[in-house]
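Have a look at this one.
So that you can tell them apart, the chains are marked A, B and C in the order they are listed, and the count of residues begins at 1 in each.
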């Protein structure tokens, strides 16, 4: 029994091999969907920073694939519920896969939103070189990537590390918000551009939130307890 | 746990078929079927042989014995002369009972053959009717004293020689020295037959009379009553003892060396030759306790010893066949052990127990050897009125008759065997019916 | 065992903090039945290795575990059904409302009237439906006449959800019912003597899913009036009907907890592996 990792999230195989195959398929679907969502975020930011219309179009065009994956995950999970009556860690993995796929779909949606706004901004003269926004985007992408790695590894520690980064994203957003408000006050003609940028920042912040949600779900998969309470305590501290 | 995916040829050795496999497989299958057919034929053959032997045995018994259910009677005009029977006209049965009925029958017979005057001829005539016929006539008159003083045709039991002659067992053309009937007697029989004065009728005497030296008067009644008392004593003693012992051993006794020893001994006891039980009965009941010789009570006690193991073994098997779930169900709602047994286990085991008891009794009914040892082989004429009176039993009666020289006893032996078999079949039938009546499914 | 009990009692008396703790926990969570260090041997083979388990009142406690893990053996200790097995030896303490059930003053027949049992295979007596239910009350003298007995039988059958189906044929044989009805008849028979605890040894393993659903529904109703301990091989069933679940393995109690917790997030790895189908 020493070959089992102590967390118990990756215990030994099921007696029924096809059960393991189904579970692995579900995980790989999530990973694939996560990979696409992560790429969409990266491409949308590149479309904005590099003023690359083609990349923006690529993000918008890629969205249906994400939706299809989400549906596939839903069906796989529901079939597993119906046929395997999962218990304990299996139950948690399958139930959380359903929710994580929803988060990933939202992340991809926000990426699409950023890409659309990038397309519009590209028609306007640049306001000023982007500094804070790419940094924030990098942070958010790092979170999405980290949370996907944590999912693959069933690593609650890694997930919680991502979870803590959310505060940094919030800080970025606050500073961006103030910066853009200053621009608008200085030159009201920039208002529409600034509002687009503000929305992009907001989308990035939401992506960070969803990554955080996924981190919480990974924590639940591994430990079987909700993380919310800890968060409140930490927030107080 | 096997991590590797199954090799594509995992079952290659299983799928590989050797050269010429199909033909060999077919031959093997054919041989298997042939063996099956042979086995079935063998079983069927064994049953047929057994049935044939049984049929031969039964048919020979029936062939020899059916004649005993018929008895030849001679119609004799008997004058129940009041001067002979009751000269003072008292009507007192004691007086009438002392009358010489023999003489009345003979005189009636002589009346039919007025030409026979000489003593030897008359002697021949007297030998046509049973020497015990007077007793039957006497009983008839005692039952109805108004007959005294009348003359009427009475069917008188013929002697065993006449009976056998009428049934063809004594050949007419045998040399006179080799047959018990002289020519004169045969002529007399022929004349009686021509007159319609000789007839075969159903032999009620066989069922109502006790044993007798005269075959035509010998019946099984005494033996039947004796056997009945034997069975009564055996059943009353062996059933409670046997069932009780089985219950204790099966339900209460702790598993130990001692109970194992008892168990082995009970099983062995069932295989002990019955004559040994007879010796035991002789030594203990007669020798030690001075109980009456030839009495059904002693026979019953001896047969009880013999039946006990059968009943114990059968009862234990029946108790073991009661599903443990019934035990548990009763115990589970708080029935005590004794309640569980009395309310649930015994009723369910009853058919099996009854079968065991009846089979044991049937065995005892047919048992002869132990009864010989305790003196039930004596010649007893009267049926016993209590189990303490001397008596015979059916199988012993068969044994005694089989030993008798008279020709007529041969057919009576077979008849008695048939009656005994009928009783055994009846008992088995009762066993089957009881089974069906009490059997409950669970 | 007597000695041990006495020893425990002294320990309680001499150790105020422990006594205080016991008193504190007492009124709120006093278990209906409790076992401490129960060990059991069948001849030389040990089947239970020190089971400490509390069974709370008006709850269904499910015992799960692989075959031969001792859950049925443990169940049968609770009403001393193991007594009838030859060569069976028990150590430890089993209490019902604080009374040691192996105490000499406890009559086993009375105990089984208080702690009833329903078995794996429906085992109605080969008698009428009425007599099946009336048997227990009859031998325990619970009815003082035909009318009272009729009431007991009716209430028991109603309690077992069988009344509507058999009311018009009470004197038909109980063995003529369907499997699920037979099992409910057995439950009616068990509750007819008004036990405090009902032990169920895989009560649905011989039943089809519909009959199983009937019995499960019944268990959920009965637990409000009785304390129920159920052994089951079907984990979904344990999850559905019980409030607490205990997992046994190789004669040891591995884990016990709220059913919700045990089936979503078991504390012990072995429990997890068993309930997720990874054992072996």
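General observations
Just so we're on the same page, a contact is a pair of C-beta atoms (placed from the backbone, for glycine too) under 8 Å apart; a residue touches a chain by one contact, two chains touch by 3 or more.
All of these numbers come straight from a predicted model, not from anything done at the bench.
The most centrally placed chain, judged by C-alpha centroids, is C. Looking at which of B-C and A-C shares more C-beta pairs in contact, the answer is the pair B-C. Subunit A and subunit B have Cα centroids lying 100 Å from one another. Averaging Cα coordinates per chain places subunit B and subunit C 58 Å apart. Separating the CA-averaged centres of subunit A and subunit C is a span of 50 Å. Shared interface positions of subunit A, defined as residues touching 2 or more other chains, are 12-13. Taken together, the subunit C residues at the contact with subunit B in this complex read 79, 81, 84, 86, 109-113, 116-119, 121, 123-126, 135-136, 139-140, 173, 175, 186, 189-190, 192-193. Within the complex, the subunit C residues that touch subunit A are 235-236, 239, 263-266, 269, 271-273, 275-280. The touching residues of subunit A, when paired with subunit C in their complex, are 1, 4, 8, 11-16, 19, 84-92, 223-225.
Considering their complex, residues 254-255, 323, 325-336, 339, 343-344, 348, 440-442 of subunit B touch subunit C.
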